[in-house]
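You will see two complexes here that share subunit A, one where it goes with subunit B and one where it goes with subunit C.
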Partner chain A sequence: MRATLRRTLGLAWVVPALVLVGVFVYLPLVQNLQFSTLKWDIYSGSQEYVGLDNYTKLVDDPVFWSSLGNNALYAVVSIVFQVFGALLLAALIEGVRSQRWQRALRAIYFIPSAISLTVAGLLFYFIYEPNLGPLNHALRAVGLGELAQAWLGQESTAMSSIIAMSQWQGFGYSTLLFAVAIQRIPSEIYGAAAIDGVGAVGRFFRITVPLVREMTGLMAIVTLSGAFQVFNEVMVMTAGGPNNSTQVLGTWLYRSGFVRNNFGYAAAIATVLFVITLAVAVAQLWVTRRRRVEW
Partner chain B sequence: MRPRALPTFAALLGTLTLAACSGGGTTQAPKADAAAKPEFSGTLSILTKFAGDPTGPYFENLAAAYTKQHPQVKFELIQETDQSVKDKLKTLTASDALPDIYFTWTGNWADNYIRGGRAADLTAVIGPNTPWGKTFSPGSLAAFARDGKNYGIPLYGNGKFMGYSKSAFDKAGVAVPKTFEELIAACGPLRKAGYEPIAFGNKDGWPALHYLQQLFAYNVPDATLQADFDPATAKLDDPGYITALNQFKTLVDQCTDTKSGTNGVLYSSAQEAFANGKAAMYYQEILEFDNATSAKVKPADFGIFQLPVPQNAAGDGSVLEGSPEGYLINAKSPRVALAVDFMKFVTNLDNAKTLSAPPYGQPSTVVGAVTEKTSSKAVYEGVQLVNKAPKLAIWLDTVTVPEVADAWLAGGEALISGGSTADQVLESVRQASNAAK
Partner chain C sequence: MVTRLSFLGVIARVFMWAFLLALAVVVVYPLLWMTLNGFKTNAELFGDPFALPLDWSFGNYVKAWNRGVSDYLTTSVLVTLTSTVATVFISAWAAYGLTRVDIPLNKTLTAVILGGLMLAPTVALVPLVKLFQAMGLYNTFWALLILYTAFRIPFTTFLIRAYMIDLPREVDEAAEMDGAGRWTAFWRIILPMCKPILTSTVLLHILFTWNEYLFAMIFTSGSGVQTLPVGLTSLMSKHGTEYPVVFAGMVIAALPVVLLFFLGQRYIVKGLADGIGK
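Right, the complex of A and B next:
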């Protein structure tokens, strides 16, 4: 009897949190699913049930596919730079003998991560500006004027320019996390390897890489998930243009709803985005459970 | 997950689904009585397009002055920019939370609010035969009328002109061009004289649409053009579109310094390039005239002309691109009469003159507000030309449905960057129009 009472009381404590999560997390999710089956006129408020029409339209929408492609490109480049590049840089920094230099280098690489993405986007917008931007000025100053161009104004360079900014911004954060993971590796292991004649490159591949694999897996998943949630930097720098060449799923969702007045279609894009990020989140849970490294 | 937790979760999800499904749809708005005697109390919420300098203080000052007259009336002023007001309005519309008074463009933009029952019928107070209605220029009032009813309160008129520096033209030895071909020909000498011939920034996409809409009016017969704005009747097969698109591409390639990279330049950067004397011309709205002459280019050095008509153009050369902008009153507002009274205050002759004068420089639609004494010379001249124009071409991004406007916007960018040809742009717009039927 007492145990039942305690259990009931315990549940009572959980109910407010459950209600909050239900109202602010699950209800919008369910509503989004509902909206994705509607043709919704926000002006008259009329909502017409169209079944899976919005999902069928997605399949035939070239901008949806190019947006998905841009997200995938973003993910691949981010994994190369923010996972493998950051791991290499972290190992180099941790290999520096001077503690003072180690601290200074960590701070130098981390500072861009302390800047908000919106501010960084705006900053790089001006760096890339074709007439007044310092990038084109610098190229002309070193005799590479023929490379100067409107980085964000051309379909061929706009997306890669945004991705480059994003790597600059996120690189330091990953490096710092890898540095912490490397610091956790007992120094005796490196010492023993050195005595056995294993060089710096060998130590990196045979000790560092295997022993930080938990962090590597986690960072890969966080980076992958982040790549599909990109929004701010694209909105600030190009808003998806020119000619939709820099649309990602987040900005195409926004444009479909708020510019093209097609909120049902935007909800369908949101559902696809949700499924992708959910899959990545499940993978994250699986990896963090299975890939624990102990010594 | 524990075995008992799964059905519990499913039940919760089901409940939430039912709750979600029961939502949606708006309730029928009560018929607002705009002519009723206002009750001078409560808070009036207003969404403007006047954020920032120099227009920011206009509504702030008027709200303060109105509160001085009616101490029980308070204001909630939401001021947005030209770009952000679109998103803000749609968010507020979708969440059924429109303010009492809100900004609108003409064309399809205003039609959506009128069709959706979100704009109060103001015919009884602002109709052309009412005392308040008679204070406005008839054309501006008609721009917000639908099916014989008046919905909008026009605040200022607007038109698009090529602004130019007279001294730059003198230095380059070129005269004001009379045809589109002469305009293109003038770009070479202007560049030789040390100027970017035309400053142009298309980062936001819509500046290209302003050129295109004026060129469409020149090259496409008016009846065809009007039919093509509505997806239900659109064919978009007139050869004038291709001619206009190619003319625009020629202008970008021959008269701007950034050429195919113009999509990477901010509209405001182009405005500054002209105001600082680096560019000889800049295609701009009347609303920008006073701003364009606030730096190096002085009012005496500033001239305007309508974008010249191309030779042998098949459309109407007398059409000028422009449109009044104004405000709607929320049909569901419990303070419609008070909102009407405040807007009467905003548009009285004194306040209209203030709006038309520097630093605001927004040419009021109130008759007698824009004079040579109250406004700068260029603003006055621009308003005269707008009034003289037999027909105005409404902005391309507000005259047609959003899907088609967005296709034109992407197409304009693609044309500039060289990513698409004129034919490809027109085909993409045709597809968007067919999909919007």
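Right, the complex of A and C next:
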């Protein structure tokens, strides 16, 4: 009896974390499902049950689909640059003989990931700016003046320009993590391969790639999950415009709820986002589980 | 054969270095441009974007400071400090309970707390707004403190737990032999042993809080409670034509975290690496 009491008292260690996570992380998730069945004006407070209406509207909403498409584009480009590109870059840095230069390069590439996306987004807003932006100035200076354009101001280039900024901001982060993974590979393996006459390219494909496979999987998942939660850089650079061409799920949710005062609809978008991120998280769990079995 | 190989090797090295250095320029130049623009006048900025400032005065920095950046910075510092302390201690408590105390439902509780890692903040946005309005905490400092703490507990607990689980059992037994209660053992023995991972979690939490935008933008308005990431966008819309002042504000927001990264690089890298794949 006393032992049971003692064990139960031990729960005090976990209760603060449990309460905070329960009330502010899990509870809203459940409520969100309920809210997505309402037509709800947050300012007047009027609520009306509408069943799955918000979801049917979602299916018919072209901006929802183009937002989803933008997130998918974001994911594909980010996986190319921040997973495969970063892995290649990390291996290239490891090829530098001086340790000091290796450290310096990795640190320099990481700086954009340390600053906020707001600062990075505003910075590139100015870089893309048609009149004072150095991008158009540089294009004109090298005789490519006809390429100079309002990068963020037209539908054809706005989304790609934001995605390009995001690659600039994020590649150093994944490069750094790949570098850590590569350094964990015992150097004897590389030494033995070099003695056997395997060249640098061969060593990359036959040793580095297979031995950092798990990190590659995790980075792909983290990148994918991040690509569907994009919000900050779009809000700062275009706020979803021009003509909704750069809306992503996060900004469309914001606009539907907080600007157009249609919170039930926003909750329905959140549910879609929840399903996507949960699926990605389950994939992550699967990758880490599999490793434990292998070891 | 050997000379041909090394000749090719030299060519390859030249290309490698050219690429790595070019990439470094692509990263550094925009940041340098941002910093230099903080010293320019509007006319200089619109003239030749590549020119150096004519007069290295801190006038724009002073203007930015007086036009709200001092308020945003104060709020950012306060939110960062308080939520870091709250998150790290609450997470360390939880990690201690989950790894070194015999509690009921241990596995379930671990899954519940760490499971929070899988949930995106955007998904909870609408209900959270309603919840904070009901609590009367909407548009207050408390909203940010609570949200930053609650949403970072899973990640922070994950890191500290992974570290605590590897500490030898004998440590607790020795503490018990000395007659130390759980409370004393936690503060005097276990927590000091976790210093490296605590440093990592503190630094990562600072980086997160300092840069966070989604919650800050939705839950605060008005300069008294806005943090830097949101404050900068207000600075931009309010003083839209005076761009050099905005650049100065951006530098003020970026500098502390860049310095922090260079000072605490080792711990930050360790925390990030463990956080993704331990």
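We adopt the following convention: the second predicted complex is superposed on the first by the 280 of 295 C-alpha atoms of A that agree within 3 Å, B and C clash if a C-alpha of one lies under 4 Å from a C-alpha of the other, contacts with A are read in each partner's own complex, and residues count from 1 in each chain.
Heads up, the rule we're going with is that a residue touches a chain if its C-beta (ideal position, glycine included) is under 8 Å from a C-beta of that chain, and two chains touch if they have at least 3 such contacts.
Since the model is a prediction, treat every value here as computed from it, not as a measurement.
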{"item": "Which of subunit B and subunit C A:Phe263 touches, first, second, both or neither", "value": "both"}
{"item": "Superposition-derived comparison: subunit B or subunit C, residues of subunit A touched", "value": "C"}
{"item": "Which of subunit B and subunit C A:Leu122 touches, first, second, both or neither", "value": "second"}
{"item": "Touched partner set for A:Gly191, first subunit B, second subunit C, both or neither", "value": "neither"}
{"item": "Subunit B versus subunit C as contact partner of A:Gly69, first or second or both or neither", "value": "neither"}
{"item": "Which of subunit B and subunit C A:Ser44 touches, first, second, both or neither", "value": "first"}
{"item": "Which superposed partner A:Ala281 touches (first subunit B, second subunit C, both, neither)", "value": "second"}
{"item": "Partner chain in contact with A:Gly202 - subunit B first, subunit C second, else both or neither", "value": "neither"}
{"item": "Which superposed partner A:Arg255 touches (first subunit B, second subunit C, both, neither)", "value": "first"}
{"item": "First (subunit B), second (subunit C), both or neither touched by A:Ser245", "value": "first"}
{"item": "Subunit B and subunit C contact sites that coincide on subunit A, given as residue numbers", "value": "18, 22, 26-27, 31, 42, 131-132, 257-258, 263"}
{"item": "Residue ranges of subunit C touching subunit A (in the complex, touch as defined)", "value": "12, 16, 19-20, 23-24, 26-28, 30-31, 33-34, 37, 45-46, 48-50, 90-91, 93-94, 96-98, 101-104, 109, 112-113, 116-131, 146-147, 149-151, 153-154, 157, 182, 207, 210-214, 217-218, 228-230, 232-233, 236, 243, 246-247, 250, 253-254, 257-258, 260-262, 265, 269, 272-273, 276-277"}
{"item": "Partner subunit A, residues of subunit B touching it in the complex", "value": "12-13, 16-17, 19-21, 23-26, 86-87, 90-91, 93-94, 96, 112-113, 115-118, 202-205, 257-258, 260-266, 269, 273, 402-403, 406, 410-411, 413-414, 416-417, 419-420"}
{"item": "In the complex with subunit C, residue positions of subunit A that touch it", "value": "7-8, 10-14, 16-18, 20-29, 31-32, 35, 42, 89, 92-93, 95-96, 105, 107-112, 114-119, 122-124, 126-127, 131-134, 137, 168, 172-173, 176-177, 180-181, 200, 214-215, 218-219, 222, 225, 228-229, 231-232, 235-236, 249-250, 253-254, 257-258, 263, 266-267, 270-271, 273-274, 277-278, 281-282, 284, 288"}
{"item": "In the complex, subunit A residues that touch subunit B", "value": "18, 22, 26-27, 30-31, 34, 38, 40-47, 128-132, 149-155, 158, 238-239, 241-245, 255, 257-263"}
